[in-house]
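Sharing a structure below in structure tokens format, with a few things to ask.
Chain nomenclature is as follows: A, B, C, D and E, assigned in order of appearance, with residue numbering initiated at 1 for each chain independently.
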Amino acid sequence: MKLVKIIGSVTSTIKDLSLQGFKLLLVQAVDTDLKDKHEFFIAVDTVGLGEGEIGLIVTGSTAKRTEITRHKNIDAAIIAKVERIDLENYNLES
Amino acid sequence: MKLVKIIGSVTSTIKDLSLQGFKLLLVQAVDTDLKDKHEFFIAVDTVGLGEGEIGLIVTGSTAKRTEITRHKNIDAAIIAKVERIDLENYNLES
Amino acid sequence: MKLVKIIGSVTSTIKDLSLQGFKLLLVQAVDTDLKDKHEFFIAVDTVGLGEGEIGLIVTGSTAKRTEITRHKNIDAAIIAKVERIDLENYNLES
Amino acid sequence: MKLVKIIGSVTSTIKDLSLQGFKLLLVQAVDTDLKDKHEFFIAVDTVGLGEGEIGLIVTGSTAKRTEITRHKNIDAAIIAKVERIDLENYNLES
Amino acid sequence: MKLVKIIGSVTSTIKDLSLQGFKLLLVQAVDTDLKDKHEFFIAVDTVGLGEGEIGLIVTGSTAKRTEITRHKNIDAAIIAKVERIDLENYNLES
């Protein structure tokens, strides 16, 4: 999994039927110190994150295995809200 | 998923049988502000996009799970038309 | 899928049994204007391409789903010959 | 698989149900001489590693095939503790 | 598949049960002229390669589909020994 920050969302009315009803989040990869990386994903949210919050993204075939995304044609999903990062040298409350 | 722009198409008469009848789009990855990235894909279109329009691409095994692409031997498909991108600082109508 | 050019081949007598009888092509990723990129793959050819020709490569688990490569232990296959690329600004006959 | 060093952990109370009870390790990719690379993963530990120790990470669908992680919605797992690296020119006890 | 050179091995006594009995090779990606690239993998050997020899690596879910690695929790396997590389301009006996 990778650390990402929610930075926005995408609106799509014409889309694969399996995506109906899902919010499509725009997320940005972040470093372990939460600094932005220049890498973006569109992901389905399974835990209810708001803008600016930190989460974990799974990519690939795993993204369509959660209770909420089963059989949905996606390759990226947010599966956890990150509340705290503990590193040897410092801790971050996100 | 990733944001891409439709920039052209590819013609192939000699190809895997499962690809017969599909238009093969040439798409370019774009940033959240729709600036071009130097990354290209050939993808099957499942939603009917035209040149210059913005869509979402899924890659990997998910690409062959949509109603339209089931059992097709592809690793990239367009699954949504993006009409609007909302970011903290600005909105984009694509 | 990605655009690739056939640039050579690889000889292997000691190999996984599922690979017996397959030609292993050495291919190079190319840009939309067919300029070489510094990215190479060894792929199984399912359409019969010769050196210098342009094709489409699928990677990952899809590579072992074609009629020809079913149950073969590969992660890259050529699934189409590219005869023409149409872009907004120019066309290329390959 | 890739060589990684355990550098911390992530706390998440709101997460996919399949992740309940698992420690989420923060790991950093390392080179063959154990020098840090600027690449990080959040992974589930299946072998019991502590901070500073070296392990092997599997990514993609394989991550959810171990005895411990079966049917868990993850794309990265630690599957081995690395005790020693033997190279042509030198050996490293990690 | 990708071209790799065997450069060493990794010792692990604490590991996923499915890995018991397998040698874990340390391999380095190489270019078509066999020059080293700065990319490394830990892979299970299915063909019996020695240090300095050139092989083909498969990554992802394919790695656990060979006779030898079936149901093993790995994401990288050596599936062929490369004896010769033929390019338009030169041949290499490895």
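In the analysis below, a residue touches a chain if its C-beta (ideal position, glycine included) is under 8 Å from a C-beta of that chain, and two chains touch if they have at least 3 such contacts.
This is a predicted model, so every value here is computed, not measured.
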item: Same or different contact residues where subunit C meets its copy subunit B, judged by the half mark; value: different
item: Between subunit A and subunit E, centroid-to-centroid distance (C-alpha), Å; value: 33
item: Set of subunit A residues in contact with two or more other chains; value: 60-61
item: Arrangement of touching chains [line / ring / star / complete / other]; value: ring
item: Sequence of chains encountered when the ring is traversed from subunit A in the direction of subunit D; value: A, D, E, C, B
item: Sites on subunit A touched by subunit D in the complex; value: 1-3, 31-32, 46-48, 56, 58-62, 65-67, 79-88
item: For the subunit C and subunit E complex, residues of the former touching the latter; value: 7-19, 24, 26, 40-43, 51-52, 60-61, 63-64, 71, 73-76
